[in-house]
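Next come the structures, one after another.
The following pair of complexes shares a single chain, chain A, combined with chain B in the former and chain C in the latter.
Right after this comes the complex of A and B.
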């Protein structure tokens, strides 16, 4: 039983993944407080650590074509254990989605619209995501390249405009920080932008062809990683050591743009780009969540779940943290621990077990 | 609870459908009896059915050798060309037939004999059913009935008043043909045929409307248009069961893909050259009798921003104009919304000098910015609507009253800030730059304004995202509405934001044309180059 009827091409998957990783541009700020001017190193290391794991997701999706994560879990671990694992994944999707929704709210409350009620922003944003999910993954995949291009253009143009204020001696000395902080930074980066792509295991079932998926996934990751890298390098080069004291270094950096007193206050640009990218990310997570839930409950369509889940998400997002600082602390220290096994352990393990048990053959017999 | 309501709605719609079916299967609705061989009986039946039609003429006459055959000519005298009838039907039958030699024995009870030997009007048709007879009679044909024949002849000798071919009011051009479609569909087909003299040009006829019996034609080029598209149009047209089709808008609303969307998924035009260009791209045109507006399917969103003139002028200015059209659509939908968002929510984004002047302007204004904007847009829409309907002379007065009273006086009275007047008038002008999307632009303007008033820039972004997703989910007869932007098609992008030179566009649009047909519409490498002297020439 496959719930989603839409079909996406592997080229669209490239843009979905790129946009998904770009959506975490502001979340890099979680790392900056820990890794300071060595953030760029951490991003590269995070990509290097996560890439093999993500390729294991792709291998898993290719091994079970037309099946999503919940179905794969059922098949690999058996009915009971598989269900338990799926519930763990659903919990992860639920929490990560609410954190991301909260991020948008915090972004606007802190920088752009301080007087607007927080919950109102969350409701409007979640409603738009819900609308996107009801339209299906196919529509989202079709427009994803627009989001990615907008994000890239904004980031590249702002970096160009800031070129005169960059000081590359800010990167020195190269290996100043203790290794344990770098390690924590790598852990955060490898989970928050890159590792969260585990949600794509719910989407890869819609691929119309499984050829070239590895290549396109890699390029998608690369585009996302390059975007993150440009942002990290720009912030460090412009702000130097002071970047650790700002709530959002990206915003502070963009605010320094001043071309002939006309091009000033460009931070709204980054606000727009960030909103639409995080919207893409949230919609993908939302989709993964409702499809996983409806698969778990054996529903024929995920549409009846969209509205209730949206309500639950808004409530979790509004109440889960006391403040942005609380949010950052929990994510830095606790969030990455409970999500690590889901990202680094189970998918490769599933792959291994499936290989040993020779599952793809059984799958065909069962489907018919 | 929603499930219950949905069930109720479905129940009522099914119930209505059942009632309609019952109503149409009642006996006596259809006159599908055959024509009887007795003239008297036929005339009686026809007189009985059309007894309250004072413009019905039944002319009985005798003809043939010794005038021993009886015949009758029936027509509606307001719809036929009487002189033509006298000259081409009655004269040959009543006089010329008398002059036949004695040895020629013709059986005048055979309709075919009369048709082949005497009737000099080419547009005629044999009918055997009473219902067909009546249909043709009411469509303006003259019916020839012969005593002893089970068939009748419908001779289309109709005259029809037709407006002369003029420049259309909605799509005036500076350069390009000035002819436009008229109300007579036959003339319109001729106008298209004169542009495309191809054996593959197909003209399929449908008659739609229980009472109006309107002629509807599908015009397309066989093989260039996707056969699936044509089949789909036929299917959608056939399922229309209504009393009357008075304009092509009726057809449009019965066959469009997304009836709830504010965006049109079927384009219309009054210009033969535009319609011909679209047919050549593999689209199909739907012509409806009685209106100069021709429908073209499928439609894509960017089509609204293209004008035929873009292709007649050289590419540079055409490209600039196209970008200006896109910008003006954005201004016309987002102008007031951005003004409200900036002045209410994001004052820090406005440069200080401008902010001071805006604040000065708004000092005396008693209303919040959102209400001010609503008032002005609303007033503008009233002015526009009134201006369209009024006679020309009065229309100018309305314009002056609008400009002076609503512009200057309301600012002086302190009701509206001067900047607001600028914003709304710019918006108003911009909204006319893209005529095909004026409707959707007007609605979107109100929606975005409301969103901006509620949630500022955030609301606008959310509204834009929802609009984008909605547009991306639309399809027009199987073609994605946002093609070639979504899904991305680089060859299609040659003709979206900029208009590449004609000699670069040597392929037909991939999404629209039938995939089995040749993809080239002109030979590549047509770029003009100055005459190069060969070696043999330059001695």
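Right after this comes the complex of A and C.
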């Protein structure tokens, strides 16, 4: 039994992954406060650390074709342990999604619509994501092309417009910060944009062909990482030392664009790009969450869950943190700890156990 | 069939409902309700511990119309300077609403001018609002008034309608003389965040002559840890800009080889490269400057457009540049303020030694040696190749 009927090609997976990673463009600000001008190398190191783990996800998806994470957990760890692990994953999806929704709300309330009630922004955004999820993964996969290209174009064009304000000596000295801060930075980066791709274990079951998945996953990650890298380099080169003090360095960077006093106030560009990219990311998380839940409960379709989950998400997002300061503190210090095993330990472990037990040997356990 | 009909009617009404609720007037501020701020001045109030904030607002009704006919509103101003005191900047910004009736709209602010007294006390505590407020642009210019900032905003310029726009125009004209340079909020904050670098902001003053008062921007105020410690004269600023590589244009005057008059050069291009070096404990800054200029004016009858004369003028102009740099360096030693950003250059190159340098920077700075190497070139003589003088053939 498969909950999702839609099928996506592996090329669409590439764009989904790229858009997913790009959606975290604003979230690298969590890292900037810690790693300052060395953020760019932290992103590269984070990619290098996470890439093997992500390939283990792909290997897992290839080993269990047509099965999602919850089914894989059941098969590998048995009914009981598998369920416990799946609940842990569902908790992770639930929280991460609400944090991301809150991010959008904070972005709007700080920069774009300061007087609008926070909860209203959350409801509108979540409703849009919920609508996208009801349309199924195929629709998301199709729009992802457009979103990734828009995101890339925005980021590249703003970087070009800021080229005259860039000072590349801001990257010096190369190695200055104590290693512990770099390590924390790598930890954050390897989890927040890259490691969260564990949600794709809920989506890879929809692949129509499993050939070239490794290659396409890699290119998707690469596009996402390059986008993050361009943003990090742009912000550091333009803002220099001040990049650590702004609430959102990317926004501040764009506000500095001033071409002949005519081409100014380009904030809306980053507003648009940010909204659509984080929309893609939230929709993917939302999709993973409802599919995992309905698989856990043995439902035939995930549609009845969409609306209640959307409501729960809005409430969590509105109440979980009292301020962006709280948000940043928890994410930097606690969020990356509880999600680490889900990203770095369990998928490779599942792969290992499946290899040892010679899974999947039969159709047993699939009826859950 | 009927069900489908009902559903589409429902959809239709839903669309109308959304049209009403989602039109987004929640924080609508129409243009006639906006108090558009184009310039701000910060002074100390007579009451101790309070500041006086002056905001220059655009008067909507006169801004477009009054400029056309001189008969009706010859004396009417298109702007309104409104001020209010407060315990902090934001307090004062909100106090102003007692006079304006509307919140200030700061998004179009061109410049923030700090009064002399407040600059001497320190800008650290006042700059926060200008960076934090969400309507404020990090590109807003920052200036320091010789006297009171509110007086500067009160001088109506001759050619422009708004004093604040006039000041912004004057600041942008630094490219012609290199007698100061443009500093915006972000640049100032960036310098303020460096532990050892000094901060600079252009100085604006009022010049009184027979016809009236004019605004004059020249020279720069030097800050150390946000407190103003002194002023740089315009020649010293150019000395600083030579080192920073920010000289865009300007005039160099040297005496002509025959000592009869002057050769006046216009700077066309200038580049600089600074390499710090630590030689057995001594810090040496190797400054390499490449300058190109054109012969724009000469006041002697001797033909300067010849290679021998060029060589002498080039040497003389290199000497002028060297003196300007040394003047800037000497005065910065007097203030003990690192206006050149030498400390950052050292930080970037010698990150290991930096920790000890940083703690003793105030002692180290005056001991820094400069090694200046200047290469000047005259690349053109503009429209004349000989001076205006009687032909020599008769002699």
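Just so it is clear, the second predicted complex is superposed on the first by the 362 of 368 C-alpha atoms of A that agree within 3 Å, B and C clash if a C-alpha of one lies under 4 Å from a C-alpha of the other, contacts with A are read in each partner's own complex, and residues count from 1 in each chain.
Basically, a residue touches a chain if its C-beta (ideal position, glycine included) is under 8 Å from a C-beta of that chain, and two chains touch if they have at least 3 such contacts.
For clarity, every value in this text was computed on a predicted model and none was experimentally measured.
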Checklist entry - So, A:131: does it touch chain B (first), chain C (second), both, or neither? => result first
Checklist entry - For A:113, is the partner it touches chain B (first), chain C (second), both, or none of the two (neither)? => result both
Item to check | Touched partner set for A:121, first chain B, second chain C, both or neither | outcome: first
Next on the checklist: Just to be sure I read the superposition right, which of the two partners does A:279 touch: chain B = first, chain C = second, or both, or neither?
Outcome noted: first
Next on the checklist: Output check: A:264 vs chain B and chain C. Expected answer is one of first, second, both, neither. What do you get?
Outcome noted: both
Next on the checklist: Which partner chains sit in contact with A:346 here, chain B, chain C, both or neither? Use first/second/both/neither.
Outcome noted: neither
Next on the checklist: So in the superposed three-chain picture, is A:194 touching just chain B, just chain C, both, or none of them (first/second/both/neither)?
Outcome noted: neither
Next on the checklist: Tell me the contact category for A:140 with respect to chain B and chain C: first, second, both or neither.
Outcome noted: first
Checklist entry - Touching chain B and also chain C: which chain A residues? => result 113, 116, 264
Checklist entry - Any idea which chain B residues touch chain A in the complex? => result 345-346, 348-349, 351, 455-459, 461-462, 465-466, 468-470, 472-473, 480, 482, 485-488
Checklist entry - Once bound in the complex, which stretches of chain C touch chain A? => result 26-27, 131, 134, 137-139, 186, 189-190, 193-194, 347-349, 351, 354
Next on the checklist: Give the list of chain A residues in touch with chain C in this complex.
Outcome noted: 110-111, 113-117, 169, 172-173, 175-176, 239-242, 245, 252, 255-256, 258, 264
Item to check | Touching residues (chain side chain A, partner chain B) in the complex | outcome: 12, 108, 112-113, 116, 120-121, 124-125, 127-128, 131-132, 135-136, 139-140, 142-143, 145-146, 261-262, 264-265, 268, 271-272, 275-276, 279
